[in-house]
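Same chain, two partners: subunit A is paired with subunit B first, then with subunit C.
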Partner chain A sequence: MTTLVTGIGVVAPNGLGADDFWAATLAGRGALSPVRRFDARDYPARLAGEVPGFDAAAYLPSRLLPQTDHMTRLALVAADWALADAGVGPDTYDPYDMGVITASSAGGFEFGQRELRNLWSQGSEYVSAYQAFAWFYAVNTGQISIRHQMKGPSGVVVTDQAGGLDALAQAHRQLVRGSRLIVSGGVDGSLCPWGWVAQLAGGRLSTSADPDRAFQPFDDAAAGHVPGEGGAILVLEDAGAAAERGAPRVYGELAGYAATFDPLPGSGRPPGLRRAIEGALDAAGVEPAEIDIVFADAAAVPELDQVESDAITAVFGPGAVPVTAPKTMTGRLYAGGGALDVVAALLAIRDGVVPPTVNVERAARHRLDLVTSRARPMTVSRALVLARGHGGFNSALVVRAAPGTSRHANEEVHDATDSG
Partner chain B sequence: MLSPGGQGTKEFWSLLCEGRTATRTISFFDPSPFRSQVAAEIDFDPLLAGLTAREVRRMDRAAQLAVVAAREAVADSELSFDELDPSRLGVTIGTAVGATTGLEREYRVVSDDGRLHQVDHRYATPHLYDYLVPSSFAAEVAWDHGAEGPVAVVSTGCTSGLDAVGHACGLIREGSAEVMIAGAADAPISPITLACFDAIKATTNRNDDPAHASRPFDATRNGFVLGEGAAVFVLEPLERARRRGARIYAEIVGFASRCNAFHMTGLRPDGAEMAEAIGLALREARLRPTAVDYINAHGSGTKQNDRHETAAFKRALGDHAYRVPVSSIKSMIGHSLGAIGSLEIAASVLAIQNDVVPPTANLHSPDPQCDLDYVPLSAREWPTRTVLSVGSGFGGFQSAMVLRGEPS
Partner chain C sequence: MRLTLDDLKRVLIEGSGAGEGVDLDGDILDVTFEQLGYDSLALLETASRLAREYRIDLDDDAAVAASTPRDLLDLANATEGEPA
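Coming up: the complex of A and B.
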């Protein structure tokens, strides 16, 4: 059973829509800037990756606006675009053959802040009738399923910033169980004062005011990340079903995945990221040397960067595989980040070019072939995407060109020996 | 497990068998500003329950419930950790609203009771991030038992408690884990939860008679009673459990989830999507509808739900729906949102163990459109080998699980 990606919808700080996002990403165009959505001047962290110029009313029916948080509107639009890209309409499949599985981190937190304020400053009768579902973690899955009449298996995973990959893996499981199409991924964001304060408490936000110096993973200057909003929604399809309906495009295949959890700090046991990488490669049936590019989690917390570069080095050898972190342009998108990195990996496969990690001068202790400054043209047949969540969640996903469907499919056949 | 009216599995089961109710006037805060003022609260002292002062400070109430319930489950399983590779042990915890109680408490502090839009970070607890993202619940349980395999929170509204356990079964089946600690927890009894359910009149306003406020399938029902709780299980493959001589409560033989794609809170009266989930779960279990001995219903006590569900049972089971006992334990312990699915799995498992089906309390005059055997008022001795447990939730989620005991 093969799971294909047949549609992509992107809402990213550096691009609305997959094309804009990809053009900006290859050009190294970052989108980190002082927070505009609220006044952040009095907080220790003041930069964010915001999705600019998003006019929800231009894309969604007005009745959906009062009942949705900003991040749900972004998710609905990303899902619309992904399905349009896949050429899937209401009659493509039976409703029970299509499901929705998304990742969330904090739900519709901005909506939640507004209603908490209504409750405590005015009284319970001022709380919106939509509060019962607009903020909760399942909201994007529920709203997407309604909008597109998808009655198949639906789900929601919360594993902090590993969630974007974990959702795709769960979608794959449902395709194995017999569904034909699952809309999956993550679109996230809690850019409001209340969400900001909660993220500050996590202790991992950069306090730099300089967008070029605020998110520098694997750099000696690494001192936390810039949070962002957005992410990606993907259409995953069973290969047989996609072939049967003549899906207009195939971006690639979800080839292997594994998730692990770190031992309690101080236990003396090794962190779990290496096992996740090895598990994903094993599940995909590929050797380390067959991986062309690694999309790093890139926490920009010195200890976490060290764990990641150690794990990559242990599996692949020092500097043996190109590594990149285009999230240096968008900020970390929480449950959206893993899904957006998978999109970047698939587009790298499609176009034979790897996007850069910006604003980073690699520290010597990280023995990585980090793709910095500018995009690197190269044949990409298989990519490894990593994502980690607060508390110890590690996920790794291998995507590869689907044989016979991609521009680079022929190269892939010969590549295995070359790169070994 | 931790349930209103009883801490630990024994007290929970006694409450259900005696048909007692644990619903009462809310005592956690002054409920008088709210339309609905009843809930099923747990008298829970985290220190007495074995948590350290640091754990209490670090964790939201729902996480505390999850951790305490997981400890009971792991102890009860007599699992030997010497024989288990930590990387083969995973955790899934379901929750619908995560750390909502802790978040509201902290919001009041940083916003000065709602006065500030620009909330003040200097007053925030250092643990606020763990309230923000409830994957911390699964992380706490994983740390507690040294799990290094797949760990996740599943959050599908009110079916989370079924879906988290179903998710764990899938991980075992595909070989990603050998043993899973799986269950769910929610502690939603807070002003903001009351206010949001007030706004859509989902909860009952029978404030003058709290002990009889939750009335699933009764003609006089007018909404659910909010609850809280946690139930956690140790899951492992049947052969493994037999090999180590474990006490086997039941086998999970079928699970399926479908979505109604209709409305975030509303239900169509025909129950088609829940029926579809039930049919799929039975098919996975390779059982005919007539094999079902007992249905543990969602039975929330809203007008819409109980009719929707009754229709789904008839659609999925045909005439057998009229012969099989159906009951809702929410009549006694309220609706603990994401947790209740796991509490209901526990009730289903105990029904199998004891050949007793728990009753639907407060059911005196059934809704004419709810015309099945809902086991009114008193528990019933009943040969129970196969149980169907279902859930239905905001977001359109419809889940069904089939549990089966060893042949008697």
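Coming up: the complex of A and C.
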């Protein structure tokens, strides 16, 4: 059973639509800037990666606007684009053969903040009836499912910033169980005062006011990250079903995945990231030397960067595999980040070029071949994408060129989830 | 003051928008809310806005049970005049 990516939709701070995102990403164009969505001047962290120029009313019916948070509108548009890209309409499959599984870290926080303010300042009759679902984790899944009449297995995965990968893995499981198509990935964002203070409390936000110095993973200057909004929605299909309907394009295959959980702090046991990487390679049936590029989680918290570079070095050898973190251009997109990195990996496979990590001068203690400054032309057949979430989530996903163009066209997809 | 169809349409649109391909300017008095693209949450939102703007206090269950704009107008105008 093979899971293919047959459509992509991107809403990113440095590009609305996959083409704009990819052009900006290859050019190293960053999008971190002072927060515009609310007045953040008095907060310790003041930079964000915001999706620019997004006019929801230009893309969505007015019926959906009063009932949706900003990030849900972004998700709906990304899903529209992904399905159009895949050439999928309501009649492509039976509604019960199509499902939706997305990732979320916070739900519709901005919507929730506004309605809670209405509740406390004006009274319960001023709270929108749509608060009933608009701030839920599962809201993007639900709205995409309703809009496209997808009634198959659906759900939401909440594993903080590992979610973008974990949702794709869950979608793959549903395809194994017999669904023909799952809309998956993640679009996230909570750029509002309520979301901001929650993220500040997590202690991982950069307090730099300089967009070129605020998010520098693997650099001696690393001091936290800049949050962003957006992500990617992907159309995943069973390879047989995609071939049967003549899917117009195939971006690649989800080849292997594994997830681990970090041990309790102070237990003395090693972090789980290395096991996640090894599990994903094992599930994909590939040796470390067969991985062409690693898309790093790139936390920009010194000890987390060390854990990641140690894990990559332990599996691949020092400097033995190119590593990149294009999220240095967008900020960390929470549940959207892993999904967007998977899209970048698939486009790297398609175009034979790896996007750069910007604003980073690699510290010597990170023994990585970090792709910095500019994009690197190279053949990419297999890419490893890493994502970690607060609280101990580690996920690793291998994508590879589609069967037929790959030297390993007959390999099976395996799933090595490890909750230990 | 009686609640008119135009009042109701404005409240519906402000609170819940309009669906794709739905013409609210036509003769919709007896068209079902379902056909107009409004579900039970849209009716709850409408009831809440009628309370705020017109001091028309509708029972939530009764508002959700209204199947057409005429039903909802009849309901609203039957309670009109009572203090909120």
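A few comments on the model shown:
As a convention for this text, the second predicted complex is superposed on the first by the 404 of 420 C-alpha atoms of A that agree within 3 Å, B and C clash if a C-alpha of one lies under 4 Å from a C-alpha of the other, contacts with A are read in each partner's own complex, and residues count from 1 in each chain.
What we mean here is this: a contact is a pair of C-beta atoms (placed from the backbone, for glycine too) under 8 Å apart; a residue touches a chain by one contact, two chains touch by 3 or more.
This one's a predicted model, so the numbers in the text were calculated from it and none came from an experiment.
After superposition on subunit A, the partners subunit B and subunit C are accommodated together without colliding.
In the overlay built on the shared chain, the residue A:132 is in contact with subunit B and with subunit C.
Legend: residue contacts after superposition of the two complexes on their common chain; A:285 is shown touching neither subunit B nor subunit C.
Of the two partner chains placed around the shared chain by superposition, neither subunit B nor subunit C is touched by A:377. In the superposition on chain A, contact of A:119 is made with subunit B only, not with subunit C. After overlaying the two complexes on the shared chain, residue contacts for A:149 are found with subunit B alone; subunit C is out of touch. Within the superposed three-chain arrangement, the count of touched residues of subunit A is higher for B, of the candidates subunit B and subunit C.
By the touch criterion defined above, A:248 lies against neither subunit B nor subunit C after alignment on the C-alpha atoms of chain A. Judged by the touch definition given at the top, the superposed model places A:389 against subunit B, while subunit C stays out of reach. By the touch criterion defined above, A:63 lies against subunit C but remains apart from subunit B after alignment on the C-alpha atoms of chain A. Fitting both structures onto chain A leaves subunit B and subunit C with a minimum C-alpha separation of 5 Å. Annotation: subunit A residues 67, 127-129, 132 touch subunit B in one complex and subunit C in the other.
Within the complex, the subunit B residues that touch subunit A are 33-35, 86-87, 90-91, 96-98, 103-104, 107-108, 110-111, 113-115, 117-121, 124-136, 138-139, 142-143, 146-157, 163, 167, 170, 174, 176, 191-192, 194-200, 202, 256-265, 273, 276, 393-397.
Interface of subunit A with subunit B (complex): residues 38-39, 42-44, 67, 95-96, 99-100, 104-107, 109, 112-113, 115-124, 127-129, 131-133, 136-139, 141-143, 145-146, 148-160, 163, 166, 170, 173, 176, 190, 193-203, 258-264, 267, 269, 272, 275, 334, 389-393.
By the touch criterion given at the top, residues 13-20, 22, 37, 41-42, 44-45, 48, 51-52 of subunit C touch subunit A in their complex. Taken together, the subunit A residues at the contact with subunit C in this complex read 61-67, 125-130, 132.
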